[in-house]
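Here you go, one structure.
All chains are identified by letter, namely A, B, C and D, in their written order; residue positions are counted from 1 within each chain.
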Amino acid sequence: MSDAAAIPADAHGHGHHHPDLQHHFDTLDQQHEAATLGMWLFLVTEVLFFGGLFMAYLIYRVWYHDAWVAGSRELSIALGGFNTVVLIGSSLTMAMAVRSAQTGYRRATVGWLIGTMVLGLTFLVVKVFEYKDKFDHHHVPGFDFQVDQAHAGIAGPMQIFFSLYFTMTGLHALHMIIGFGLMSVITWMAYKGRFSPQWSTPVEMSGLYWHFVDIVWIFLFPLLYLVDRTGG
Amino acid sequence: MSSLFQIIPEQASTLAPKVDQLYWFIIGVTAFFGILVSILVVYFAVKYRTNDPLAVGAPITGSIPLELAWSVIPFLISVVIFGWAAQVFFDIYRPPDQSLEIYATGKRWMWKFQHLDGKAEINELHVPVGRAVKVTFTSEDVLHSLYFPSFRTKADAIPGRYSSVWFNATKVGEFHIFCAEYCGTRHSGMIGKVHVMEPAAYQAWLSGAGGGGTMASRGERLFGELACNTCHLADGSGRGPSLVNKFGTQEQLANGSVVNVDESYVRESILTPQLKVVAGYQPVMPTFQGLVNEESVMALLEYVKSLQSSSGGAAAAANTAAPPAAAPAQENR
Amino acid sequence: MEMTLAAPRVDYLNVRHTVASWLLTKDHKRIGIMYLVVVSIAFFVGGLFASLIRFELATPAGDLVSSDTYNRLFTMHGVAMVFFVLIPAVPAILGNFVLPLMLGAKDVAFPKINLLSWYVFVIGFLFTIYAMVTGGVDTGWTFYTPYSSRASSSNVMMTGIGVFITGFSSILTGLNFMVTIHRMRAPGLTWFRLPLFVWAIYATSLVQVLGTPVIAITVLALAVERGLHFGIFDPVLGGDPVLFQHLFWFYSHPAVYIMILPPMGAISEVIACFSRKNIFGYSFVAFSSLAIAIFGFLVWAHHLFVAGISIYSALVFSFLTYAVAIPSAVKTFNWTATLYKGAIWLKAPMIWAICFLGLFLVGGLTGLFTAALGVDVHIHDTYFVVAHFHFIMVGGAIMGYFAGLHYWWPKMTGRMYSDAAAKVAAVIVFVGFNLTFGPQFILGYLGMPRRYHMYPEEFQVLNVLSSAGASILAVGYVLVAVYLIASLFYGEEAGDNPWHATGLEWTTQSPPSPHNFDVQPVVTEGAYEYSKREIKVV
Amino acid sequence: MSHISPKSTYYTIFGMLMVLTGLTVFAAFHHLGVFNFPVAIGIAITKATLVILFFMHAKYSSRLTKLFVGMSFFFLLILFTLTLTDYLSRGLKTYPGGAAGAGYGVRQAAPAHGAAAGAEHKEGAAEAGH
């Protein structure tokens, strides 16, 4: 394609074009706005993506409240709470990373990004332990699912609870893994000094994505772990 | 039946003319608008045609009054259709009080109908003419849909709950039964015939061979075999509530809410008893999911329904000797 | 190709010829052409299944194929046509090609993502094709549980994965177009100067972005239920199969508007151009697209009137369904009024557009039957519904797609096809289509359920008529393929603006240069200012 | 170009999020009757709003961005409310009572040795495998 040939000539000509300005945009501003808008639209789709599961959750929670309470109490509030703190913390570090990139502090950007990744990894490791616990207690639907005697009568709905638990948290974890991959690339780019106060769009976009993942968890935590903890 | 030029199926129920009248009305409305627009399009296309690529049309950009007219008028007509159709819809889905009850289950790939007096038939349904008939049905496997084209009614059969259709046949004869919801390999073979008979002939058919006790009596037998009667004592002294005169009432639940004792609730209480426990009782009843099939549930349901006032005594007998097979049921509760 | 005079102009087709230059292109025009290729293959595959279905249904007995095969045929027909033809046809082919041109932009906002969405589409298609050749799938394109999650022994997973992946292509395309329309318009190109096709694409993209994720999650939930034996809709555990239908149709009803809105946009272009007039009631047509997109999300449960939803809920959805009918009616009336006192040039695209009007009219009006609660109980899941949605999706969407394709073909290829052949094809398709699906309305009201492999003998006459119509229809489509392909080799050069149309896409060369415009266009007037040209008295 | 918030804003928001997290856990251990669910959801919405407005800079973004954010939740609300028109008027408490046969052809019926086994309620992964 001719444009492929045309751009490098332009870009390396040290002319008025910023090296990261793509040929079909007029200004970096236009490019940045387009990217921001695109990212937000993508997050719109993500909201509705998780929304379908929340819909199912809502119906079944009202129908099978007892099963929801029983299922919820099988989850560790300590681990869930710890993970909530970790994830919100990672949102903070991410916000700081974006800020550092915008203000042009390369080392700080890299540092905050690594911090975010460490916290993200912590979350995932804790999640692995939680999942393992569910396997040990036969609370994984489809894998020799069992409930104790007291809940025998609501075993079916409890299985639905755990189906939703695993689908929702599994999808969330998948999003985190994708975010982790994104972050690795961004960190490398930041380390290489690719970002500047004029152009830090990729960091900002990853930030938006990461915060969204955080928001999903903000809803998942009370909905799955805290259905009703009063009494025994 | 001149099937070649037939464009609507036979009207064989009281619902059919209602549906057809609405159908013809909508045909009238749509034909009017369809023909009007078609004629205008063709007329304009012919009248204003030109072969000169450089010709230009008149500078008309629009007209608010026209826009309003062709938004509001179709909307008003739509509202009329909506209202009329809603009325017919309510007629279709609200069975009259005094209906002849028939139970059915759909399973791949057949319809099994059960009459209250015990007669069961597969892919055939005998009903009397001139009497409202209500078919209560569910599915044992996947979705089906019980469809009587000549009666203009259908409803999906959904595993896990009851649906119902009703009709009042107006013509003696044989009519189609179809499964209208795709259900797998022999979906198109899941068809049958409904035989509408004169009441006398129907009675004769009912009293013919087959049967083996009414549904209620079968239900009563199951009630004993499954040891339901060890807890659901008629005098209310058992570990479960008495079921005498229970159907059609309201029940206070342990969690504070109130539930109507209808077909769905009875069915649910047999299969998943611990989801809605009656106030004042312990959640000790075992689930019968997997132990009884839908037909047995229907028999039990019919038995519970039969326990009204006088007939209650039958159950109250409460033969305390529980069948051994079901005895372990209570132990772990 | 060979050029006669002067040096050949550089255009997007001849700028490079290597396979890699196509497979790695970020040029929206080339991506549009690549979609055209894949969608045409899918159309052929889906059409093949359709022919087999109609062959089988010529006789009441199941004598051509087995029931299992038949069930796979109609399912794969539906899957191929819905997800790989109707949804991408106009947005991904025509939209990709002309949208940036119409906006006076060099490309879409995210060219790499545009290419990515083509690859995602192809990967999804390959998964689906793989599912088809390794045993097929027999759930119906609607994938209703519990049949799909528990009972079916066919390739549900593989097809589901294909559909899931393709959904992302649709999302990415919609997202790309929305940002493009917001951020890449030429100077002076305000919203109310935009061609109506752009409005339609914008409305479509909105549906793609908002609706597609819901089907993605629904298919995913089906997949975990089937693959991992989770239970989300499983009635044995207390789950509700009707919930699946709610979630499924939350996308799949608006998806109908993904299919029909862009062809409506194309029709607006064609009708304005060949009437040499402003479109009648521009802003009403423009906003009706948005209204359809938004109202389209409020009506899904009209697919569930007999599926076990509450009768009160059915009332709500029936009423809202009538509300969404109004914007479609408004469009039709405006198109008709546009013809009034036009200078109507009956070239092939216009003939296709007029045929579209006729078929869409029937499709839209028969929607009044299916939305009417009392009638719908009877015709739900019968051939009436089959006929209705084919009139919308094939009579409407595919006819509109062909109208648009004929309109922009000279721009895309630089070549002109045979006008006469195109007109003949349009008429053949129109006649064949009516003969195929007209009788199905009667069949449906007579009570013949859809998805039936065998049927009672009294339905045979109408079925034979329908099958006969289908063969005429097939001839029409083959004819289109023949003369369009022939035009590539033998067609005369089209010139930059063969239709003397307004619109930025006609101001550049045909085929356009890789950068679309040599000089950044500036817009100073509305989209269809034909009347401002030198007036010739009609 | 893009807005740059002072560090203090981020730390303040983080602090508020922590407090709200604590609050939602605290609320879960107290019996609030029907209000447990609304309170939990209310707190979650507040937290999400804080993240969107400040961490994601929606507060300083273009009106169009705000419109898109609003749009996503608006359509989510449509999904919820219109689906609920069905479930609420069906009688929200009437849910399917489990399928009696428990069989779809590929899955075996529940345990055969009496109701006691129902307590285990193993939904056969093994049986359904083929």
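FYI, a contact is a pair of C-beta atoms (placed from the backbone, for glycine too) under 8 Å apart; a residue touches a chain by one contact, two chains touch by 3 or more.
This one's a predicted model, so the numbers in the text were calculated from it and none came from an experiment.
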Between the pairs C-D and A-C, the one where more C-beta pairs touch: A-C
Central chain (by mean CA position): C
Inter-chain centre distance, chain B versus chain C - centres from mean C-alpha coordinates, in Å: 36
Separation of chain A from chain D, taking each centre as the mean of its C-alpha atoms, in whole Å: 15
Shared-contact residues (touching 2 or more other chains) in chain D: 64, 71-72, 75, 79, 83, 87, 93, 95-99, 102, 104-105, 118-119, 121, 123, 125
Numbers and ranges of chain B residues touching at least 2 other chains: 108, 141-142, 158-161, 272, 275, 287, 289, 332
Where chain A touches two or more other chains at once, by residue number: 33, 37, 41, 44, 47-48, 51-52, 55, 59, 63-64, 141-142, 149, 152, 156-157, 159
Residues of chain D touching chain A in the complex: 1-2, 4-5, 7, 10-11, 13-14, 17-18, 21, 24-25, 27-31, 36-37, 40-41, 43-44, 47-48, 51-52, 54-56, 61-62, 64-65, 68-69, 71-73, 75-76, 79-80, 83-84, 87, 92-93, 95, 98, 118-123, 125
Parts of chain D lying in touch with chain C, wherever the complex brings them together: 64, 71-72, 75, 78-79, 82-83, 85-87, 89-91, 95-99, 102, 104-107, 123, 125, 128
List of chain B residues in touch with chain C within their complex: 1, 3-4, 6-9, 18-19, 22-23, 26, 29-30, 33-34, 37-38, 40-42, 44-45, 48-63, 66-67, 70-71, 74-75, 78-79, 81-82, 84-93, 108, 141-143, 145, 147, 149-150, 152-156, 158-161, 163, 176, 178-189, 191, 272, 275, 289
Residue numbers on chain A that touch chain D, as the complex places them: 28-29, 32-33, 36-37, 40-41, 43-44, 47-48, 51-52, 54-55, 58-59, 61-64, 77, 81, 84-85, 88-89, 91-92, 94-96, 99, 102-103, 141-147, 149, 152, 155-156, 159, 198, 200, 204, 207-208, 211-212, 214-215, 218-219, 221-223, 226-231
Residues on chain A engaged by chain B in the complex (per definition of touch): 64-66, 149, 152-154, 156-157
